[in-house]
Structure formats: structure tokens, C-alpha cells
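Scrolling down, you'll hit the structures one after another.
Each of the two complexes below includes chain A, the first together with chain B, the second together with chain C.
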Partner chain A sequence: MHRFFLRLHERLQLIIIASIVGLCGGVGSVALNRSLAAVFEWLDTLRGSWYSFLFPAVGAALSSIFLNQIARDGGGHGVPEVIYSISQRGGLLRFRSSFSRLIACLLTIASGGSAGPEAPVVISGASIGSNIGTYFRLKDRQRVIVVGCGAAAAIASIFNAPVTGIVFTLEAILGEWTAVNLIPVAIASVVGTEISRILQGNQIPFQYHAVAISPWNLGACLGLAALTAMGSVALIRTLRFIHRHAPKMIPITWVSAAAGGVLVGVIGLGFPSVLGEGYDVIRCMIAENYSASLLVLGLTVLTKILATSLTIGSGGSGGLFAPCLVIGSFTGQFYHRALVTALPSVSWAGGGYFALLGMAGVISGVLQAPMTGVFLVAEITGSYHFLISVVLVAVISVTVSHFFEPVSVYHQELVSRGELIKPRTDRQILSHLNVLELLETDCQIIHPEMRLKDLVSMIQHSHRNYFPVEDSQSGEFLGMIHLDDIRAYLFDPYLHDTILVEQVMDRDVPRVSLEDDLAYIFEVFDKTHSWSLPVVRDGKFIGLISKATILDHYRKELLVNEEI
Partner chain B sequence: MKDELLHVYRNTPFGRETLLNSIYFCKQTKTSLKVYIPEHPQFLMYFQNEIATVELDRAFLRSPKTAREHAEAIITENGMKPNFLEPKRFTASTLPDIPVDFRFMTCPRSISDLSTKISLGHIGPKVRSVIKNAAFPVFIPTPVYKQWKSIAVFFGGSHNAVNAVKLGMEISRCADFPLRLFTQAEKLPQSHYRKILRENHLLGEVENGEIEWIFFEKGKFRENLFAVPHDSLALVGAYGHGVIKEVLFGSMMEEIQTILPNPMLIIGPHCACG
Partner chain C sequence: MLNLDDATKLLSLPKATIRRWIRQGKIPVHEARGEYFFDKKDLEKWARKHNIFLRTNYEKPQSHPSHPEGNLLESMKRGGVFFHVKGETVAEVLKQTVYLTPLPPEVDKEFLVDLLLQREKLGSTGIGAGVAIPHPRYPLEKLFTSAVITTSFLDKPVDFKAIDGQPVFVLFMMLSPTTKLHLHYLSRLSFCLRNQAFTAFLRKCTNPEAFFKEIKQLEASLDGG
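Entry: the complex of A and B
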């Protein structure tokens, strides 16, 4: 089978695999969706009891125990892991990630934790893609695309939104829009959506009946965009704060998750709409069946931000898509209520319209991905009628939130560790090279007690300008001689017998090691204006690394990238 | 590939013995020692087409404050320079990625089991995963530090076994220790194995006496293992026969390692040695 497969054209290979990955990713998403609905329904009968506020704690603790002790799949909420794998590891992901996050997320959300199922389905789909790609022995660059296919299929399937799947993958996961990426990703997305439609029916998650939009409403979008940007920044910062401090306060992960769950449960006693994924509340708002005071709406926005940060930041498992939609819809409702109160004579579009715009604004701001926000809202409501307003809110929200938080929530962890490498950048090309493969070992070693005469005769038969100096007893690297250092003495034969190497060698030469990455080595080159640097390990010289060799390899790597 | 041996340090008396074994191995093979002191219960190794998740038992994370100090003292006392690996990349904040471009790696027979069980049973699944995917041979030390003075290569004719012979010769020349080749005839004449050696340009060394070839035509393999000197490093090729054969008949390497208490060097299917 492998032999037959390898004979096919590369693009055809990708299309076939994208279809398989789309199928698997779609089934995974539907399975999680159905399981969530079933467990939520089962727990619904117990929700009225006094102890129900403990449900999120139990769910988060079980989720953490399952993830860390049973599945042993430690890590964050998943999407950064996928991006890291694409950015630096040729799309390799562990097989266990294809199911572990789904189960952990099921436990967290069904018990009332404030999170969404999207990030777990993304890592699940991506992991399925990665392992199928490995099975078919794809090259790294092909496997990266297949990982994207898995993510696209998962998002497309869970929202019944094929275009969102494509856009999200290209914008937030792969980070580049190329035809090579687009075709397989689109196929996977379509297959994933179809699987969802076959198994669950062609449901529009938040059906919206369009109303007339006056210019006043378009103007009001500007204010809503600013408000959703603030909401996005607040969510990112609260989540980051809790994620950083929770392990320090409670080092045992499942206890930390349980503590977060207790707090979420307590919040849920006052604001039940913050519990779970919260799609029912959004449906009510969009159908104009939700009524609450301005104060309650404002407080719900803040408590949802807190509940989500507590759930995910303390160790629960889940994604940010659903909470962003809930926060956005409440922000929109809040803004609408404020407008109606302040300017009652203006004919405002309904609260549902502003709730939709709020959703687009918050998701775009948190993900720094405006197109994902626009297409998600358009597809999950089944309406492109208000596209201008959605684009306006999404774009302004991204611009404003970018000012305060320049990095997407998915990229923050990677950026803080210096591990985000964007495709087709100088850093990406350098990351494919390592010191070992660039090492020049055909150097002529000299010793400090050598006379200049001996060095001159060595130079006559050498093609190098740099000569490393080693201690003749211990073999320790002592320094270097560059031709320029001795040029003045070369043409004076009287000095050849009197000058020793140790008198003219450079002892303060900067040195690098095999572990150093090329970005750092280039910094040293720039700082010291050198063309070659000695690579030293355990105090011993093992070779030279030169700008010329790096440039040669860099160019080859660049050509490979261009072919792709 | 870096000319280094990767050692994952366990700050216990057992870990000291393992480290001493690694130091001795490095001295004999003229390899540098790179020590990793884990701070998290797991680490990942990204191989060409597979990720090995290595789960460590609690003993690896014990007394982190004294771990570095103890390791430094052991290495310095034995005349080597302490050289520690600091992970530069992380898949997640608690999941470091360990480089895989070493020449050798030391693995106790099981990384994840209790140290009391080590070397008594089969090798653990994590070690197996490393052997199956790594481009470097895996050194499985004895539970208590023991010097080896000769090299024993198990040669069954597979590609991995040929690599084991080549590596054995390299170590033998480097350490100046005698090399013996052990072959158990499996319904095949000696000429079959001789042909394989000839095809791989290894027969000359056997004929000129550089390699002593011990060929078992009779007896059970388990019983014949008694002929392997107690103070030899055993080199074995692993997982060279495909999944079906290994499921049906078991892996020869796994059989050897359950019987033989010697330090072993396992050459996996992706090994770039030889």
C-alpha cells in the first residue's frame, strides 16, 4: 500500500490524506459534541441540588488527574502545542493527544467548567493528522499541512462551518496563505463538515433572522469594537495571571484544578450562565429572548472572564472559542442596552445583532485573527447580511487589542519562550540548520611554542586564514591566529625565527558551542565583526563555523522553501 | 551527530552506579559525557518520525538541590569534566524536548519502573521506544558499577547485527579490548553467516584473528550464553526482523537482556553507527 501511495503525485497524496484526516477529525468532533450533550443532560437532573456548585471542581480535578496521571499528556490547552509542532517539529504530535484532551475536556465542560470544546478538538484532529501523515511516511513539510487539515476538519465539524475551518487554520495555525496549503486544508474542512452534517444534521448553531441596519448602527459598531477589544485584553491578562500564579499557590495540579472549579461553582450560584460552554444563552440572545439589566449584563461579562480564566488557568481542560463567543455576546447585549438607555429615540437594531458583533469582536481580539472572527460569526448564524458591521468590529477590535496585547493568546507561551518561528522567515530557515552540519573540521592546529617560521610554511600549504591554537600537552583551546594578525611579520624573514605563536595569537577570541543556535551565532558574528568563529566543547577546539558556509547552506534551504 | 553520551541522572545510590558505568563507557569510547538532571517528570525526544515520551519515576526528581552537586562530584572524581544539558526547547512549559543528536544514550533497563526492579526483568516500554527510533545506540548499564574488559557482539546475520559488529570493532580498537563474535546457528550453516560477513567486508578481521568467532552449532541459545565472559560489554542488534516475526518468536535482544547481566549496547533499526 505504501509503495502504491508513494508512486502518486505529491498533491494527490495530500488530497487523499486530507480526506482521511477530515473524516477522522469530523468523527472526533461529533463524538465529543454528542458526549458533551449526553453528560450535560444526565447531570442536569442533579443541578438543582445544594452540592451542585461542587460539580465544576470534581470535573476539573478528574480532568487533571486523567490528563496528567492516566493519559500522561501534560501540557497546556492544546493549540500552542500544535503551533509549536508545526513551527519547529515538522508537525510531529503524540498519538495520545488524539483522545486524551477530548476526554479531559468532556469532564471539565460537562461538569460546568467555563470552557469550550474547540481547542481539544483542534489538538485531537491535528494529532490524528500528524499520526496518519507519519504512517504514510510523509515529509515534514507535507505532515505540517496534514496537521493543519486535522485542525481545519475539527473546527469545521464542530461549528458546521467549513470556511471558518479553512480560515482559522491558515490564519491562526499554519500562519501562511499558500495554494499548496489551501487545497488539502479546504478538502479536510469540507469532509469534516459533511461528516458532521451526516451524523448531526445540517444545523445552524445560532440561527439569526436579519433585520434592517441603519447608519446609526454602523456608527455604533466603533464603540462596540473598542469595548470588545477591552474584553479581549481583560480575558488574555486574567487568564495569563491565573495560569502563572495557580501552580505557585497550589503546586499539586489536580488540587489546583479543583480549587479553580470550586470558585467557578461559587460564581455559578450567582451567575449560572457562566457555567459550561454557554451556547444556550447565546441562542436566547440571538433569538431576542434574553432579558437582563445593564448591571447584570456587565457583571456577567466580568464573571465569565473570571470563570474562564479560573477553569483553564488552574488546570482544567478546554478551549477559548466558546467562552469568547459568550463574553462577546454578553458584551454586545450590554452595549445595546446602554445605547437604548442613552439614546432611546434612535432605532437600534436588536440585541441579537449586537451580540453577534460582540462575538466577532472578542474572538478576533483574543485570537488576533480577524478573518476567523468574521467567517465564524457569518457561518454559525447562517447570514452574511451584516458582513460590513462584522468586518468593522473584528478589524477595529484586533487593532485596538493588538496595541495592548500584541500577541495572540495561542502564541503568548511560545513567544515568551522564544519558540515561535513564523513560516518563510529568516529565523525559520536558520532553525533548519545546526552548528554540527556547518562545522568545518579541516583546520590546521598550531601550538603556542611554534615558531613563526613553521607557521609560515603551514600557511603556504593551507587554504585557510584562521589557525586555532591548542596547548600541546592538554589539548586545550587557547586562541586563534588570523592571517591579518601576522601579516606585518610575514615579509620579514629575520622575525620568523624569533617570534613564537603565543606572542601573536589572539587569546580573547569569542567562541561558540555546538548547542548554540544560529541566531545567537549571528549575533556574535555581528558584534565581533568576525568571519569565522571557533566551536569549542569542554575547552577543546572541535572546528570552525564561518559565515561563508552558513550562507551556502542558507541559500540551499531557501531554494527548498521556494520549491515548496 | 555529537560525539557525546547522554546520561539522565538519578540522584540516588542506584543513579550513582549508573553514572559511574556511563563515565567508564565514555572513557573507553573516548566520548564526552552530557548529563541531564530532570526537573519535570516527563521529557520528549523528537526522532525522525516518532516522538518518544520518557516518563521518569520519582527517584529521578528526588533532592534536586543536591543532584547537580552529587553528579559534579562523581564526574570530577573520575577525571572527567562535568557537562550538563539544559533543555532549550519545550513542547509545553513542563515538557522539555531533549536533543537526539548524541552518539550514545544511557538507559537503565527501565526508565519508568522502580529502581529495585531494574535489570531483573524485561526492558521498559519507554526504553524500547527509544531503541526503536534512535539514530544512536542505547547503553544499558549493570545495576552496580562494573568495568568491562572485552567486547562480545551477538551476530545473527541481520542488518542491525552487522552494524553491531562494526561498532564493536570500533570500540574494540578505541579501548584496545578483545572482540568476540557469538553466533547461534539457526538451522543455517556457518557459510551463510560467513557470506554476510564477507559482503560487509568484515570477514578479513575474523580470518586474521582480530575478531574471535564463537559459533554455536548445538545447544540452546539460553544455555550457550554462559560462554559470554562476565566482564564483557555485550553488543546486540535489536528489532531487525519486522513486527510479525518479533510478535511470533519474540525479540532475540529482549531474550538476551533478560538472561545476561552484562552491560549492553543495543543497536536499533535506525542506528546510524557502523
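Entry: the complex of A and C
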């Protein structure tokens, strides 16, 4: 079976694996969805009691204990880990990530924590993809695509939205649009969607009844876009603030998660709609069944931002997708209410319309992924007739929020650790090459007590300009002689006998080691204007690394990276 | 089928790079019992597709010997040694030397003299101490298979506009098929001329046998180290 599989053409292999991954990812997300609904319903019976505000705390603490102590996986939303693995570890992910996140997020969300099930499903799908890829002995390049397939299937099946799955993966996870990526990802996405349709029926998540949209509404979109961008920036910054300060205030993770949970529970007493994933509220809003005052709507947006940041930032487990949609829909509703109050004579398109646009705006702004926002809203409502307004809001929201927060929420952690390496960039190639591959060992080693005459006769038979100097007894690396350093004495035969190597050698030549990465080595090259650097291990010279060789390898690396 | 070592040679890359490419799935490979094998046809197709250079015969490229073989004595014997060469000017002595030199019949002697004079116009070949090494500007690829050095002791010293202003009493005319060979003989000749005993000997030299003997000795000391 294995052998037969390995004989197939690479693209066919990928398509087959993509379908398997799509299947697993789809099942995973349906399972999470079902269990979330079940647990939420079960807890609903107890929700009226006075102690219900403690639920989120208990849930968050349990989920944190489960993740850190039992499953030994990190908290937070986890998508950055997938992106990191794709960019640096060839898509390798732990197998336990495929279920640990699901359970942790079930505990967090079902108890009322303000987070979404999408990110855990994405990680789970990605991890399933990664492990299936490893099982079929895929190489790094293909495994990365299969990880993307898992993510696509998860998103596609949870929203019943195949195109969103594809677009989200290419835009936010893989970070590049190429035909090689597109085909398997699309197949996984389609399979994932179909699985969810078979298991729970083909239902449009949010039923929206189209209304006529007058040009006035398009104009109003501009204002909404600015507002959603503000919302996105506020969410990103609050989350970052809490994420940075929570561990300092309360060092024990599960206690800090519990503390966050208590605060969320308290907020929930005043604004119950911020608890949980919040899709019910959105459903009401889009069906135009939701009414609240301008003040309540505005406060709900702010408290939802706070509750989400508290839940995820303090160590709870869950994604940002659903909270973004809730924040977006409340922002849209708020904006609509404000418009109606200010200009009652204009016929506005209704709260549902603005809620949908708000969702697209916030998703796009937070993830820095406009196409994801556009397709998500179009697909979850099953309606394309307001596409112009959605594109407008998404694009402007991305532009404005990019001005304040240039890095997507998924990339921030990696950027701050200096680990974000985008595909097909100079940094990626440099990170692949390592010093050992570039080492030149055909150097002529000289000793400090040699006379210039001996060096000159060596130069006659050498094709290099650099000569490493070693201690003749201990073999310790002492310095280098560059032809330029001695050019002045070379043509004066009187000096040949009187000058010793140790008099002309450069003792404080910068050294690099085998472990240094190329980005650093280039920094040294730039600083010293030299063409070759000695590579030293344990005080001993082991070779040279030179710009010329790097160029040669760099070019070959570029050539093999080209997709044809 | 090629193994990892063959592929490393074929691509002229370190093994570590090839291993990484295998892991990353950038190069077509077969795996059997923990070892890697490459299908030569697949590899060639892949290299063409990615525009990567494959060394076709993976022997190390024949490095051109940086020091061509051949000693001064041979080429000087080919060119001959002449005494009392007549002439008042540079052009006259060069012409005399060319006509004395045993050359293949297809060589246009006038043209050769012309080439030598062109070189003199660029700068004197009189290298000082009464010695000149006239030679054409470009190697004469078609005419010779090996270098020819003709030694002419002049009847009367001629002003060559040498670097040190001394009139030239001996010419070493060098005709070589390649630049490399020319430089090879030039460096050997200049080694000899650096020897002051040799230049003193040249002023007194009257017969070819003594001259060749002297050259043979000097070359022996050069090759001996």
C-alpha cells in the first residue's frame, strides 16, 4: 500500500492526502461543534443560579491545567505555532495537538469564556494533516501544504464555507498564493465542507434576507470601515496588553486563567451576550430580531473586546475568529443605530446589513486578511448581492488598521521573537543554508613564526587571498593574513627575510562559528567589509566562509525553490 | 542509479545541502533500506527544469597545469644562437634576427618584423643591463607548436631606448604559440638574467656551446629548487 502510494505522481499523492486530511479535519470540527452545543445546553440549566459567574473561571482554570499539565501544550490561540511550524520546521506538529486544543477550548468556551472554536479546530486540522503527511513520508515542502489543507478543511467545515477555508489558508496560514498550494487546499476544503454537510445538514449559518441597498448605504460604509478598524486595533492592543501583563501579575498559569475567568463571569452578569462563542446573538441580529439601545450596543462592543482579551490573554484556550465576528456585528449594529438616530429620513438598509459588514471589517482588520473577511461573510449568509459594500469595508478596514498595527495578530508573537519568515524571501533562503554547507576547507594554514619569504612562496602556489594563522604547537587559531595586508611588502625582497607572519597578521579578525545563522554572518560581512571570515570551533580554525561561495549556493537555492 | 556521493559530485554541492534538499523535498529521490538513490534521468530532467548546472562527467575538471612544461634550453636550441649580428637601428637588428632564425617556410618574415616593431613602439623591450627581449604583441598560434627563442649577439650595441638607457648588445627574440607559454619562458629567462654572473658572462660569450652550458646550469638550479 505504502509502496504503491509512493509510486504515484507527486500531485496525485497530494490530492489523495488532501482528501484524507479534509475528511479528518471535517469530522474534528463537527465533533467540537456538537460537543460545544451539548455542554453549553447542559450548563444552561444552571446558568440562572447566583454562582454562575464562576463558571468561566472554573472552565478556564480546568482548560489551562489540562493544556499545561496533562497535554503539555501551550495556551493562547495557538495559530502562531502552526505558522511557525510551517515557516521553520517543515510543518511538523505534535500529534497530541490534534485533540488537546479541542478539549481545552471546549472547557473554556462551554463554561462561558469569550473565545471561538475556530483556532483550536484549525490547529487540530493542521496537526492531523502534519501527522498524516509524516505517515506517508512526505517531504517538508509537501507537508507544509498538507498542514494548510488541515486548516482549510477545519475552517470550511465549521462555517460550511469552502471558499473561506481556501482563502483563509492561503492568506493567513501559508502566506502565499500559488497553484501548487491551491489545488490540494481546495480539495481538502471541499471535502471538509461536504463532511459537515453530510453530518449536520447543509444549513446556512446565518440566514439573511436581502434588502435593497441605496447609494447612501455605500457612503455610510466608509464610516463603518473606520469604526471596525478601530475595533480591530482595540482588540489587538488589549489582547497584547493582557497577554504581556497577566503572567507578571499572576505567575501560575491556571490561577491567572481562573482570575481572567472570574472577571469575564462578572462582565457576563451585566452583558450576558459577551459570554461563549456568541453565534446565537449574531443570528438574532442578522435576522433583525435584536434590539438594544445605542448605549448598550456600544458598551457591549467594548466589554466583548475586554472579555475576549481576558479569556485568551490570561491563559484560556480558544480562537479569535468568533469574538471578531461578535465584535464586528455589534459594531455594525451600533453604527446602524447611530445612523438612524442622526439621519432618520434616509432609508438605511437595516441592522443586519451593517452587522454583516462589521463582521467582515473586524475579521479583515484583526487578521490582516481582507479576502477572508469578504468570502466569510458572503458564504455564511449565502448571499452575494451586497458584495460591493463588503469588499469596500474589508479593504478600508485592513488599510486603516494596518496603519496602527502593521502585523496581523497571528504574526505578532513571531515577529516579536524575530521568527517570522515569509516564504520565498531572502530570510527564508538564509535560514535554510547553514555554515557547514558553505565551509571552504581548502585553505593553506600558516604559522606565526614563518618568514614572509615562506609565505610568498606559498602564495605562488595558492589560489586564495586569505591565510589563517595557527599556533604551531597548540593549533589554536590566532588570526588571518589577507593578501591586501602584505601587498606593500611583497615586492620588496629585502623585507622577505626580516618580516615574520606574526608581525603582519590581523589578530582581531571577526570570527564566526558553525552555529551562527547566515543573517548574522552577513551583518559581520557588512560591518567589516571583508569577503571571507574564518569559522572557528573550540578555538581551532575549521574553514573559511566567503561571500562568493554564499552567492553560488544562494543562487542554487533560489533555483530549486522555483515552482515550475 | 546514482547514490548520494555521485549526486554530490554531479551537483558539486556539499552532502549536507543535498540531504537537506531531500528532507525538504526539493530534489527527486528514491529511498531504499535507509539509503538514497537518484535516477540519473530524473535528476537530469529536474536540473534542466530548474536551470541547475550538472557536471556531466563527474571527474574533477582537468585543471590546466598552471606551469606549462618545457625548458629554456630546448627552445633556445630551436631558435639558435648568432654572433656579430649586423645593424645600426632597432629595425635593422630585428630584421637580421628574424632572417637568421630557422622558421617554417610559410612564415612571412617581413610581417613578423613588422609585429616586433609594433611591440617596440608600445614600449621598449630592452629590459636593462644591455639585454632586450623582443617579441610580438600577440601569440602566434598558427605558426608554432612550441616557443622559439633566438639569441643574437650584436656586432655593435644598439640604442633600444631601454629602461636604464644602456645600449643593447644581446637580443632574446621570443616567439610563442600561447600567452601562457610566453610568460613561462619569460619568467625562466628573467630568472637567469637576474643572476649577475650570467649577465657578465653574456658580455664575453663567443660560442654557442658555452652559452648553452651556462643556460643548462641555471635551469638546473631553477628546477632543483
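Note that the second predicted complex is superposed on the first by the 557 of 564 C-alpha atoms of A that agree within 3 Å, B and C clash if a C-alpha of one lies under 4 Å from a C-alpha of the other, contacts with A are read in each partner's own complex, and residues count from 1 in each chain.
FYI, contacts are C-beta pairs under 8 Å (C-beta built on N, C-alpha and C of every residue); 3 or more make two chains touch, one makes a residue touch a chain.
Given the structure is predicted, the values throughout are model-derived calculations rather than measurements.
Novice: Return fit or clash for chain B versus chain C, each positioned on chain A through the superposition.
Specialist: fit
Novice: Just to be sure I read the superposition right, which of the two partners does A:G270 touch: chain B = first, chain C = second, or both, or neither?
Specialist: A:G270: touches no partner chain.
Novice: Which partner does A:R141 reach: the first (chain B), the second (chain C), both, or neither?
Specialist: second
Novice: Applying the document's definition of touching, compare chain B and chain C: which contacts more of chain A?
Specialist: Larger number of chain A residues touched: B.
Novice: Put chain A at the vertex: what angle do the Cα centres of chain B and chain C make there, to the nearest 10 degrees?
Specialist: Once the two structures are overlaid, it is 70 degrees.
Novice: Tell me which partner A:E413 touches in the superposition: chain B (first), chain C (second), both or neither.
Specialist: A:E413 contacts chain B only, not chain C.
Novice: Between chain B (first) and chain C (second), which, if any, makes contact with A:L436: first, second, both or neither?
Specialist: both
Novice: Quick one: is A:H553 in contact with chain B, with chain C, with both, or with neither? Answer first, second, both or neither.
Specialist: In the superposed model, A:H553 contacts chain C only, not chain B.
Novice: If you take every C-alpha pair with one atom in chain B and one in chain C, what is the shortest distance in Å after superposing?
Specialist: 7
Novice: So which bits of chain A does chain B touch that chain C touches too?
Specialist: Of chain A, residues 137, 434, 436 contact chain B in one complex and chain C in the other.
Novice: Please give the residue numbers of chain B that touch chain A in the complex, ascending.
Specialist: Going through chain B, the ones touching chain A are 1-2, 32, 40-42, 44, 46, 49-51, 53, 55, 81, 83, 88-95, 97, 101.
Novice: So in the complex, which bits of chain C are touching chain A?
Specialist: Residue positions touching the partner: 11, 13-14, 16-17, 20-27, 31, 49-52.
Novice: Which residues, counting only chain A, touch chain B once they are in their complex?
Specialist: 72, 74-76, 80-81, 84-85, 88-89, 92-94, 96, 134, 137, 413, 417, 419, 434, 436, 514-515, 517, 537-539
Novice: So in the complex, which bits of chain A are touching chain C?
Specialist: Where chain A meets chain C, its residues are 90, 137-142, 432-434, 436-439, 553, 556, 559-562, 564.
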